[in-house]
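The data blocks that follow each hold one structure.
Shared between the two complexes below is chain A, which pairs with chain B and chain C, respectively.
Moving on, here comes the complex of A and B:
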């Protein structure tokens, strides 16, 4: 084998990985927050809209879901500024991309959630004299959110992993930190072992925490 | 501008062929490995089950990009020298295998226990039980998500461009480097990926509907 593990250089540059992990989480949190807004608005619009609007929303969803994320990242960062007069940092551009990306997945999640709300609940809302807005806000959305919570946590965790693609436009998140150490110290196996452990621990900690939240909301009923 | 893109089309087509070739290899290899490991996960002795569980949960818990870099840069350090193409195929296959394991576990797990017991009662061996009783029934549960998952392999293959392999993604970037026509070329690329993956997801949906009339 002729390869001895030596983690000293990894610990010396650990701030690159730690800072990267925090940035990865930040990117995922901001993107899913914007994605939830996009997803909610479009899903509510979709279920009450006519055919033309539905086609446009479905087009957006299908486009995003069927194109590689890396291509979307390039398209927004390198492509868009050549045709529209905008300038943004790599980080802002990546957040925009990942928000649109998660939005497309969440439209689907919320749409099926809205359709899963039992008809009787809406009728009951109507019977006690709630306006359509009140029915949406106090009956349909809360029930839908409880139904979609598990899918929402799964989306968040996979977004956290997707933030690694930001490294291709040099956003200094965790994968970028790993490559930096890889190229500057050549402690290749060590750095990827450490980074793998960091992604795994964070991912499973998130999963555990989100499952607790889900259970809490279920108990409330 | 248009002439430059038309001029680049054969080059882009070559890249697309590489994308399809990588995807095909990954899909076939991961199907074989995933079904074997999935059977191990469901029917194997405890140590094998744990090994497959750890493999699957680890692989699915890290970004595919990290896995690609790990395999590509890490293998030579332990004395294994793979061409970048095969390193990429290996990494993507590992990733897809973990997915196939889960599809198989889900499909086989959905078959009622009584089926296995009945097969045992009439004296079928383990292999006969799998081949004549379990797999034919699990197949229709397995196929739709698996075909849908093929789109993940096609999309994931775009990451091999980062190892300098001239797939469609890399070909597009190279043509942009020459022509500076970023937007039209990225859109063209998006359209090609979209066409392939959308066709696959339609096929998956159609199969799901076709199988849905069967009830236990």
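Moving on, here comes the complex of A and C:
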């Protein structure tokens, strides 16, 4: 083996990786925030609506879950603007895609969470005279959020890793930064070692922080 | 009976109520009147429709035929005879006038003891946070849990949770309190503290309709006992009469005999 590891070039361009990591986190946070809104609205709508609405929502969920993310990214970034007269940056396009993507997964998470709220609690809410809307807001959602928090954390961490797909449309996130350094320095082993470590460490840090949040809420179950 | 009820109209008037789950008839033309201040206990074998009857009174269950009136107002449906459901808003307002305590407590797990009581006071009765807190503390004191106001349900024993459940129901000042086997899920040593609270509410004149398997308590605390079997009212009368060994009702006698065999 004549290959010697040399990290000097990686450190010289480390700002590309650091900036990329921050952008990855930003993409994940914005997308899950929008995804939570989509997921909550559709889940609440799903459990209270008739067959037609349920079929449409289930169709959206099934479509997203059975198409590879990279394909969705291409479809939204290259496909949509050629059909419809809209223009957006690669970053906006990716956020839209990842939001729709996480939204589809979260509809399922929230829907099963809503159905897992014990019926007795809903009865108690009815018995004290809460209206359906008040029961949803003050009884069903708080319990549902506690039930779904672990699944929500897991979704967020997968989403953080999924941001690497944005590199295919040149959004300068962490994986794109790694590719840039690779093309310009040819230190392929070093750069991917460093980037792997960055994904791992950030992923674990997020997991740790989210587990702390979960534990704080667990006492209330 | 009908003449007496003109002089003192029933607070709760259940009249020929029937209900079926699919092909299973759970209530068969049940009629029962409860006047203000009365404590009426429903006993009977499991599957006799006791709990379903209670749940029809605050329309947690709908019923197929007959009518239920509280203070002269038709429960659940727009008027007697029609099967037109009231609006959800109407139903909610109506349920606020009946308190219910559940076998499995059903406290809101994310709210403290005080928070459980305050929710209805704030959202349904429109009280301010401070007013609701004062009322919650008053009722927690009444059930002997003033020191647990800020505890979450998970931090309370079953007996304490159930006392919070009672406080949550009575704090709304309901016209009638429905108690659905409220001690059945409790360890035997915790039953007494809960029944003590119910007894003191009865002494205050709270109108109550309860389902229970605590025969001694039913005998001591009720004005009347209703025996249900197969979805119908099989016997009604004062406790001394109903629980007497020679009451003229074969089903009731065999129910009580089996009950005594397993509980004493």
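Following the convention adopted for this analysis, the second predicted complex is superposed on the first by the 219 of 221 C-alpha atoms of A that agree within 3 Å, B and C clash if a C-alpha of one lies under 4 Å from a C-alpha of the other, contacts with A are read in each partner's own complex, and residues count from 1 in each chain.
Assume contacts are C-beta pairs under 8 Å (C-beta built on N, C-alpha and C of every residue); 3 or more make two chains touch, one makes a residue touch a chain.
Being a predicted model, the structure only gives us computed values, none of them experimental.
In the superposed model, A:124 lies in contact with chain C only, and not with chain B. Set against each other, chain B and chain C differ in how many residues of chain A they touch, and the higher count belongs to B.
Using the contact criterion defined above for the overlaid structures, shared-chain residue A:146 touches chain C, although it does not reach chain B. Looking at the shared chain after the overlay, A:79 reaches chain B, while chain C stays out of its contact range. In the superposition on chain A, A:199 makes contact with chain B only, not with chain C. Contacts of A:134 after superposition on the shared chain: chain C is touched, whereas chain B is not. Legend: residue contacts after superposition of the two complexes on their common chain; A:14 is shown touching neither chain B nor chain C.
Chain C contributes residues 58, 60, 88-89, 92-100, 102, 104-110, 119-120, 123-124, 152, 154, 168-169, 172 to its touches with chain A in the complex. Of all the residues in chain B, the ones that touch chain A in their complex are 58, 61-66, 69-70, 73-74, 77-79, 151, 154-159, 161-162, 169, 172-173, 176, 180, 182-183, 186-187, 189-190, 193-194, 197-198, 201. Contact residues on chain A toward chain C in their complex (touch as defined above): 118, 120-121, 123-132, 134, 138-139, 142-143, 146, 219-221.
Chain contact summary for the complex, chain A toward chain B: residues 1-3, 62-63, 65-72, 74-75, 78-80, 82-83, 161-165, 167-168, 175, 178-179, 182, 188-189, 192, 195-196, 199-200, 203-204.
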